């Protein structure tokens, strides 16, 4: 069985594992204040041109999202997100468990527009009974989205402008940020996230690490006492170095982007291969997640050799599936898959 | 200015006020365990044929909803409701503040169907990642709905059957229950609510009381320790008698239904009047809330003499408004309104 | 049976009831924005010399406490309170249900001192692991306390100074504020609460109203969007006028203080009577709650004629009970009680 | 600088690291359902004689505690714990953030007694106003405690019996369970935890792992849907194998207990050394945490060469500190320390 179902089927990239082995016997202080964390922070601040931002390492994506959002919202506020957003559909109500409504905006491809945000904002404030309605308190987007798609610079700029105008902090879920940044379709530089968002996170789990995400708090308003919240929500590791060491490795010699480029490159091959053979794609994704639409018959056949992630029914005898690549995906396996379709 | 904007513009029905005056100097114990509360409970159990149900008096609708729902759901469960449901749109996220997601089902007229509930249930349990998704834990409907519409007995029966099959407790928000029960379009008896639902509440605030709702807990599973929750959520009055006395009065000599019939009667007149003059109604409501669609010009004119509740824009120069009747609405004011349209 | 068990055994003071009757047929807008609420607010702002404060009417004490505290604290903060404080022991965890720890300070008589607050604050911030500990975020005191005792002006001044120094907003639970203000032992003027506290509430339920408390928000930082929270927590009445009307009556012709003075006067008589006959008091209360220590034998005898609130076991054959007076307590019943002890 | 400040200053035990390296390129499914997790579960079920228990792997101690407690308690219930308990003092209010009060029982040495639990339970249920008070819903103890002390079998038996009698599920925080089980002072077998408790967790982070705890759910009542809660609270790793692999290694060839025995052995040496030289210990700990009382002068001297955890001021010129050992502690460093005191 060759697994293409997600980008977390193997352990960590070998250079991360090596560095963990190498540093294993060092003695460090706990809870994310050790030298490795400090060093990793500095590397991230440099790569993302955010020297004045705070960088925190958290355990996983849901944890990062719920902690970040809980830090921003007032008790009567909600977070605007695409209806397809991870926080709206795949975190078992983590945001609601912190007391906040997810204000879902309909989305086909995983993205929302500046106009939609403006509309939701206006609808709230123009309602005479607005005190009876959850107040929009921030905006959440994913880059890339859960469907592999990307915001263009123009789209992100527009979203960011509306958010600033409406005093809605913009938070970017970058669980797969690397794949977005290194996509051929991308026109936004790593150094620009600090300009467009109030907070964003750099995904580790899905980009080569064992686990771990780096949350970048750009807006001063949300920096104070953030570590209290990480601890309260269960996201602070005693051996915090485990996260620092991994992010040090990821941002040494461009490894983070190298990993992502490798995965994107193979994803493009897969996409091209499917399209060439006349398949259609559910989403036009330029990143490491691809969504071919496959007949039931073919799918049955493929499922004997390949693991994929079932996505949805498309018509009577076709379904869309998700195929993912990662740092560990092998050219030869991609070649086999393309032969078999 | 004649107010038609809601059914709570006056104080309480005179017979309630009289009874409050009459009993004012009695000494009773506190927190809803006095003789008046006991007596009111018995009357309700009789009228609704639910001798084995627990009856609690709470302060208001949002309070009742959040307390009832918090009592039923496990932390990872959500409540299925119409997208237009009061808990989804007009309670400032009260349910989410208790940690639970509202699982909204699209609805045009305020109702949801048995099929929709079954579909949402099936979608959850057939998803391989269902542990990553909020689990449907109960169903919330309003009778009448927020749009004045009613479930037929057949519809409620079907909903109830699906709920039972899927082990989803059914909770009915009866903020305006009286208007529903006495509507000419209604074919469900008061005595049948105990059969179809696990919990329902009999609205007082909007049916003649100063404030107060009577929550009827039918399902034994949710009876235990319920008073702890009422207290914790701030819904337990020291002078709990204030609620008992009002519900005693409401269920003395059929007052509750008399109030509702009066309001429905005038609402029907209003509806007929509007239709006769060629107006369209946004919803086909057989209860005390009516939703005529009115031109901007006419609306401007009317707004000098009448208070209504603005509902929504319908087209370039028409809007829908809500017009409500209550125990206190006067025939002569209805006549004036119909003259002026 | 003559009830002395609490100050909420009867309905409302007759002048409140009369005003409710008188205004019953008026048409007003809902949710606390009607003319009666506006008028009541102005009266309160005048009596408490707080023209710049926001005044909100809420349903009850627990509701007011949880809403006010939820408005002030960040998710990782707790509220400092006496171990005997109402929020710590008699609100079924309402504060915790909003996500916040009550940081209890040991107290014998219901009061806490400026020194204790300073110590708790210092202990937190001097702890190297303070991020692992709930951060003190505000201070809650009751005036009078749950034991009937009062802070002197000097004590309150000191507490207030520490709170300001430590940036800990001070919130005063005035469920029985009237009894405190009119106590012969009191040296703090109504007009001074605005100076010492960031928020306080003026209790209605226990001082003659059917129900209702007036929350005064002094500190600008906590004013914004407060009505959203009232709605979310279920404390906003559709017929909000019910609260406004009652507070209008309470602050017309000094009724609020008249009620309290009457109750205090009779409480003093009771206290003097008990002391004269050689009884001891558990707390030295100068307000409407008295705590005589009574032998089992005597208590049994009294309980045939009088209702009291059992407080606690004192020694092998003595217990303390609470005896309360109110606007409705009659001189003759006090005389009977004193005869019978 | 030689670090004795905690038991998590190094990475993981080499055999764990080796196993991570060895398995790194395997492809597994995510979220804790892979072969390694399954295998690790079986090993734990065998060692702890709990074949019918569910075993879940979570990220850290706070996370495990808050998830387990949230799964057990109803919204109006609290958890009984020692005042010194980790959940009461060192988790930034994680339990309260889930809506529950920690009902603290005074404790000097970190333990609570069966009598204290019975008393708290009785006090609640004998109070006439018990609905106004948080209901005791479960009991939390730590083994070893936060002070290094242990419950004897007799004590645990008594606690367990009271808990069963009062229907209070007993949950044991075993962040350092290995050190307790292998302590010379311990008379409770690993196989007995299933008998005495409803849930307990086997700490990994502080006993040689990079991170991770194994929660054992003994009581059927709390098994259902537990994975939803893990996901919601952010404790479910995409690469769940990371936890499975570590626990497989820990329970291969008795490694878990070997690690603990090593640390306990050196802790005993430290304790003996201090006592021999006339020092006093703050707690009489038979596990890997030792609490010598040291003069300011001496402490200053030691702090130049050794890292310890400052505990508390004892008298004018003495403080207690915590000294910890772990799998990585070297005999030679212990020898140096003992020379220097």
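Labels for the chains are A, B, C and D, by order of writing; each one numbers its residues from 1.
One rule holds for everything that comes next: contacts are C-beta pairs under 8 Å (C-beta built on N, C-alpha and C of every residue); 3 or more make two chains touch, one makes a residue touch a chain.
Fair warning: this is a prediction, and the values are worked out from it, not measured in the lab.
K.L.:
Where the centre means the average of the CA atoms, what chain is farthest from chain B?
P.N.:
D
K.L.:
Going by the touch criterion at the top, tell me which pair is linked by more C-beta contacts: A-C or A-B.
P.N.:
Ranking A-C and A-B by C-beta contacts puts A-B first.
K.L.:
Can you check how far apart chain B and chain C are, centre to centre, with Cα atoms defining each centre and the answer in Å?
P.N.:
Distance between chain centres, rounded to whole Å: 33 Å.
K.L.:
If you average the CA atoms of chain A and of chain B, how many Å lie between those two points?
P.N.:
Measuring from centre to centre gives 42 Å for this pair.
K.L.:
Measure off the straight-line distance from the CA centroid of chain A to the CA centroid of chain C, and report it in whole Å.
P.N.:
49
K.L.:
For chain B, what residues touch not just one other chain but two or more?
P.N.:
75-76, 91-93, 97, 99, 131-132, 135, 228-229, 231-232
K.L.:
Counting only chain pairs that touch, give me the topology of the graph as line, ring, star, complete or other.
P.N.:
complete
K.L.:
Given the complex with chain B, which residues does chain C contribute to the contact?
P.N.:
Touch list, chain C to chain B: 1-3, 5-6, 8-12, 14, 17, 20-21, 23-30, 59-64, 66-67, 91-94, 97, 205-206, 210-211, 228-229, 231-239, 241-242, 307, 328.
K.L.:
Where on chain D is chain C touching in the complex?
P.N.:
Where chain D meets chain C, its residues are 75-76, 78, 89-93, 96-97, 99-102, 128-129, 131-135, 310.
K.L.:
Under the definition above, what is the set of chain A residues touching chain C in their complex?
P.N.:
Residues of chain A touching chain C: 31, 70-71, 74-76, 98-99, 131-132, 135, 225, 227-229, 231-232.
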